[in-house]
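Here subunit A shows up in two complexes: once beside subunit B, once beside subunit C.
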Partner chain A sequence: MLRFLVRRLLGAVITLLIISAVTFMLFYAVPRDPARIACGKLCTPETLELIRHNMGIADPMPVQFWHWLSGIFLGREYPGFGNCDAPCLGYSFVNREPVLATILDRFPTTFSLFLGSSVVFLVFGVGAGMLAARKQGKATDKVASSASLVASSMQIYFVGTLALYLFVYQWQILDQPGYTPFSENPGQWFAGLLLPWLILALIFTANYTRMTRSQMVEQLNEDYVRTARAKGLSGPNVFFRFAWRGAMGPIVTIFGIDMGVLLGGGMITEKTFSIQGIGMLAVKSATNNDLPMLLGVMVVTASFVVLANIVVDACYALIDPRIRLA
Partner chain B sequence: MSFSRRNFLIATGVVAASSSVLSACSSGDTTNNTGGGGKQEAAKANATVVKIGTAEDSKGPAPEVSGAKKGGTVYLLNDDDFSHLDPQRIYYAWNSLAAMVISRTLTNYKIADDGSMTLVGDLATDTGTMKDGGKTWSFTLKDGIKWEDGSDITVDDVRHGIERCFANFVTEGAFYVQTWLTGSAEYRKSYPGPYGGKHLKSIETSGKTITFRLSEARPDFNYVLAMHSYAPTPVKKDTKQDYDKKPVSSGPYKIKSHVTDKSMTLVRNEHWDPATDPIRNAYPDQFDFTFGIEQLTAIDRLLADAGKDQYATSWRTIPQERIQKAQTEAKDRVFEQLGNGVSCYWINTSRVKDKAVREALIKAWPTAGIRQLLGGKVRGDYATGIMSPLVAGYESQDVWGKLAKPEGDPKAAKEILKKAGKSGYKVVYAYQQDPQQAKIKVVIENALKAAGFEVVTKGIDSTTWYDQIGKLDNEFDVYWGGWSSDWPTGYSVFQPLFDSKNVVDQGQNYSHLKDPAIDAAIKAATAETDQDKANKMWAALDKQVTETGAFIPDVYMRRIYMHGSKLGNVKMDPNFDGSMLYKMYVKS
Partner chain C sequence: MTSTDQQPFLSIKDLKVHFSTEDGTVKAVDGLSFDLVRGKTLGIVGESGSGKSVTNLTILGLHNPDSTKVEGSITLDGEELNGASEKTLEKLRGNKMSMIFQDALTSLSPYHTIGKQIGETYRKHTGCSKKAARERAIEMLKRVGIPQPEVRVDDYPHQFSGGMRQRAMIAMALVCDPELLIADEPTTALDVTVQAQIMDLLKDLQKEFGTAIIFITHDLGVIADIADDVLVMYGGRCVERGTKKEVLRDPQHPYTWGLLSSMPSLDHPVDVPLNPIPGSPPSLLNPPSGCRFHPRCAFAEKVEGGLCSSERPLLELVDGRGSACHLTAEQRGEYFSDLAGSAAN
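On to the complex of A and B.
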């Protein structure tokens, strides 16, 4: 297991290095002056000169990338703006802040959004899928399958806006979505995120219901399940100990991908509910042409996806004893 | 010397943000949108009186607002955070809205219920003493003025604030005073800032009095010092570039917490003494700002008026698609007012040299059609000059008869062109490449073609718009622009926009007008020490520059805001085009 993890982590570092190099090149090798872009609309010649100097525009591209990369381990100074302690992912000349500090500030919001919505869509999605598989061909199955089909065709910006209008503005039965740190007020944390959780989960639940149902149906028809039944094991025992465990592999894989995506920021969800997480930060950075921030968000987001995949691979061995990590 | 457009960028930003769906909307508030006969009564009615107050006017406390009481929290729903809170780095209006309750200045404006403004001493006992025809100015600090840590605000702090403007990290603030104190537009070469231990020779301090010796006569210097760029900064608490994150307060509120682009909380500064402050009432206990809220979402929340949102307001104008609903369902919570931005279209006089052609362009211009596309009457009142009705001395005039025919007069334009032998004149119109401007371009193109012009349109990336039109050798004949004055006297309108010295690369004289008569008039009005006389001279200059045909007047821009039902006395600051935090109160 240890060898596996070390090998995967090394691979992850290389992957991230390639991603950051490509992203850096794409952002900074554009025909337009990246310093002028970073300076924004309200740019003075003096600010532009300071940004040019700090970005090292006069240096060749590989040198610029090397400065950015070495800043992760050594930190960097940005004269006229401020210091960026290691690990430094760059400095936002729009926000006037180190990139990582802003990302870390937004992370608890995005993590809370991921956590709550994951609980909801895993419980309801996997639960409904199992129920549909158990009651295969019956009304429950048909209702669950149809509902998931409808839900999976929904879009967050539509359902979210509608739910906001009805539950918050019109009927006023739910709180205005927002983020309060859990440590500050758990009640407000829950109330402020409840609607985004439910809406985000609604979309994701559908996928998990369909995936779980199909996997469970497949597993329930496997020989080893029939054998277990023939040996006289009880129905629930066969269902949960054998079939469910066998069906978990693909579901964990999908969850791993979703985890990476959600931790990287649910842009549309955060935008719909005006929640300031990593997704909103990415949108704002793109809108403001804040390239250093966008680069930082890209690298962090990519890290989540890569790490989530490592976790998923490691989980396979725990879920399914047939898989050995060589 | 170059000037900037602090409010105007905000104004235009608001318009751009609110008009993305304008084409699909038809506001109910579209009276006087098209057709002739548009009157200028609204602009006249909103014209703000600006006067200079006495020492008595400068004494606190501020007049009580009827029915107001202390306490409660006000919630601000905004999409953008403040770009700067370090006073020396504040130039743009929305930053000043917050700075008004954090950073006091030597002088500032006492705003009456009717919107009229009186320049008074804020930290100073009065509006200053002028000598040498405006080259020497002295201000004496009031007693009892303190920083948030309880220490006294001293003349050293005032001097330090101004000297910080020279530091290399302060690149965003205003630069008028630096230029006048050193006599050079390249003021950093004369003085590098206070961090080397040296002070400016042109500022003298003695006891509680600070004296400025300027290189040129500036009779309206006391207006300029109301800008937050020239607010004091405590010498002992200056954290240089980090000061932007947590400036020390001299006003009624201090920053409790601020997370960039996310939130900010202001709480009471217990060391602020209302007896020293003639301007600010400071009724609420706290202000909670939430950033990142879409304009439409913010207005929907204010319309729903539920929970905490009853105590909320926004500095964003109501988007076009909600104006009718807001005016119908929440009439008593909507307030509309003239802002200080003036929109216009510059005519490049270095290319369009024939005045008859410029006159034909102005006559043909479809002002009403453009305004209709941008939301109708709420966009603004038809402008007839470049001087805002909110600038001291404004006088109504209509040189080109645009109020009678705001939709344009192609027949008259055609006639002028024909008479000048310029029929079929080729006009290059530059516009910002966005969906809204693309629609406007079509309206303009059609109107000019109907008047006998040949039209060439050139789209420009909006992020480099000012860079492109600021080029001295730009290849455009007509381009959109406008202005907001930095302080409400004519100098900050006419000197930057029409002084021939500013016909330079990236200068603010966008029309490239070089007219000795205009230069002389600007010089004369600038030197006039009697402010009433000076105001009259600026008003005459408004007519004079309009007659040159260097620009096509568009609109005096308007603002429309709303607030929650539990807020009282929410009014717009005529200087900064946003609601005044220090005058509103929370209803019980």
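On to the complex of A and C.
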């Protein structure tokens, strides 16, 4: 297990290195003046010159990338702007702030959104899928299957806006969505995120219901499940310890992918509910031409996806002894 | 050892198992009856889809209750199993009656160790401690001839070879000393040496515990080795019954003749091709009328009045011996000696 983790972490570092190099090249190789772009809309000639100097435009591209990379471990200085301590992912000349500071500021919001909605869609999605598989072909199964089909064809910006209108403005049952740090006021943290959680989870719930159902139905027909029954084990025992064990693998895999995506920020959800998470940060940096920020967001997002994959593989080995980690 | 016991241990009476599918009703088993006493082995032979496995899954109550209709009576030691509650069946399965499945690789859980899978059956039925269950698992593995059982008990099925997996499967089925053991082609996937070892193992265990065994196979060689009585199934019905000697030496039903003549043997000349039964097993969705074998039977025209396609031949047993065929006893004797004669040439 340890060897596996070390090897996978090394692989992850290489993956991230390649991702950041490619992203870096793409951004800085555009046939435009990167300093002019980084300077933003309100740009004076003096600032532009200062940014040029700070970005090291005169240096060749690999040297620029090397500076960016070494900044992660050593930190960088941006004369005229400020210091960027290690780990430094660059400096946003638009925000006049190190990139990482802004990302860290936004991260709890995105993480809260991910956490709450995952709990909701895992509990309800997997639960409904199990129920449907258990009551295969009966009314419960049909209701769950058709409801999940309807829900999975919904769009967040549509259901979200509708829910916002009805629950918040029309009936005033729920609070206006917004992010309050958990440490500040847990009650408000919960109330402000409840609607985004439910709406974001709605579509995921539908997918997890369908996937859990089909996996469970398949596993329940497996020979080893029949053997478990032939041994005299009780129904729930066979259902959870045998069939569910087999069904878990693919669900964990998909959850790993979803985890990476959600931690990278759900732009549409954040936009719909006006929540300032990493998704909105990415959108704003793109529209503001804040390339250092965009690069930082992409690298951080990619790290989440890569990390989530390692966690999934480790979980998979715990679930299925046939997969050996060495 | 209980040969004086007049009451059959397992008694199946007019068993019908019908599945409802989208295309209609599949009559997988259609009026099957047989008895089995303790300490004896009944071999059930037949082609794929003849209802052998379905019959035995139904005895254990492992059919899907939503889509399966079971009629008739299954009594085990005087207790009616058809319609018994799931709780009652759970207590019997793996305990008083147990089953060895054909494919041990897919039939063992890949997620649990061998020891755990054997031990949990024992724990479930005896309520013993985890430690005692583990001890018992090791003891069982030793008994079925797994080397280093104390070590291998913690292995997963994928770490076992095919023969060892089948032995583990047998250990699992025998862990509670069952009184009825159903073995569904337990040796089909194995090579002959392992096959012989496993058969010997089953025979030893039967001698020791007086277990009644139902041995399902399509291999007549295996039947000749292990069975006391033989039941030949075709299209969900029993076409012939008798002792091993009677059925193999003096078969009465044209289907059994076909099975025997399609089997290679050492005294069979190598340059004479085997004689397979023409056609394929009947559709159980829409089975042939009358005798289900008549479309493939070479002797159907010999019966007067087209009885074979219009009337179901009844199985009339005299001392547990008989066949379901419209041919008269004289006809059978004549045709079979012809067949046997032509095979010898």
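Methods note: the second predicted complex is superposed on the first by the 325 of 326 C-alpha atoms of A that agree within 3 Å, B and C clash if a C-alpha of one lies under 4 Å from a C-alpha of the other, contacts with A are read in each partner's own complex, and residues count from 1 in each chain.
We take it that contacts are C-beta pairs under 8 Å (C-beta built on N, C-alpha and C of every residue); 3 or more make two chains touch, one makes a residue touch a chain.
Just so you know, these numbers come straight off a predicted model, no measurement behind them.
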item	value
Clash or fit, subunit B versus subunit C on superposed subunit A	fit
Touched partner set for A:Ser214, first subunit B, second subunit C, both or neither	neither
Partner chain in contact with A:Asn95 - subunit B first, subunit C second, else both or neither	first
Subunit B versus subunit C as contact partner of A:Glu46, first or second or both or neither	first
Partner chain(s) touched by A:Gly235 [first = subunit B, second = subunit C, both, neither]	second
Contacts of A:Ser152 with subunit B and subunit C, given as first, second, both or neither	neither
Subunit B versus subunit C as contact partner of A:Asp223, first or second or both or neither	second
Touching partner for A:Thr15 - first (subunit B), second (subunit C), both, neither	neither
Geometry of the superposed three-chain model: angle at subunit A (Cα centres of subunit B and subunit C, steps of 10 degrees)	160
Of subunit C and subunit B, partner touching more subunit A residues	B
Contacts of A:Gly246 with subunit B and subunit C, given as first, second, both or neither	second
Three-chain overlay, closest Cα atoms of subunit B and subunit C, distance in Å	49
Complex contacts: residues of subunit B adjacent to subunit A	9, 83, 92, 168-169, 171-172, 241-242, 244, 259-263, 290-294, 297, 300-301, 303-304, 306-309, 463-464, 466, 506
Touching residues (chain side subunit C, partner subunit A) in the complex	60, 62, 66, 86, 90-95, 98-99, 101, 103, 106-111, 117, 120-121, 124-125, 156, 158, 172
Subunit A to subunit B touching residues, read off their complex	36-37, 41-42, 44-47, 50, 80-82, 95-97, 102, 105-106, 164-165, 168-170, 172, 175-176, 178, 271, 274, 276, 280-281, 284, 289
Residue ranges of subunit A in contact with subunit C within the complex	136-137, 222-224, 226-235, 242, 245-246, 319-322
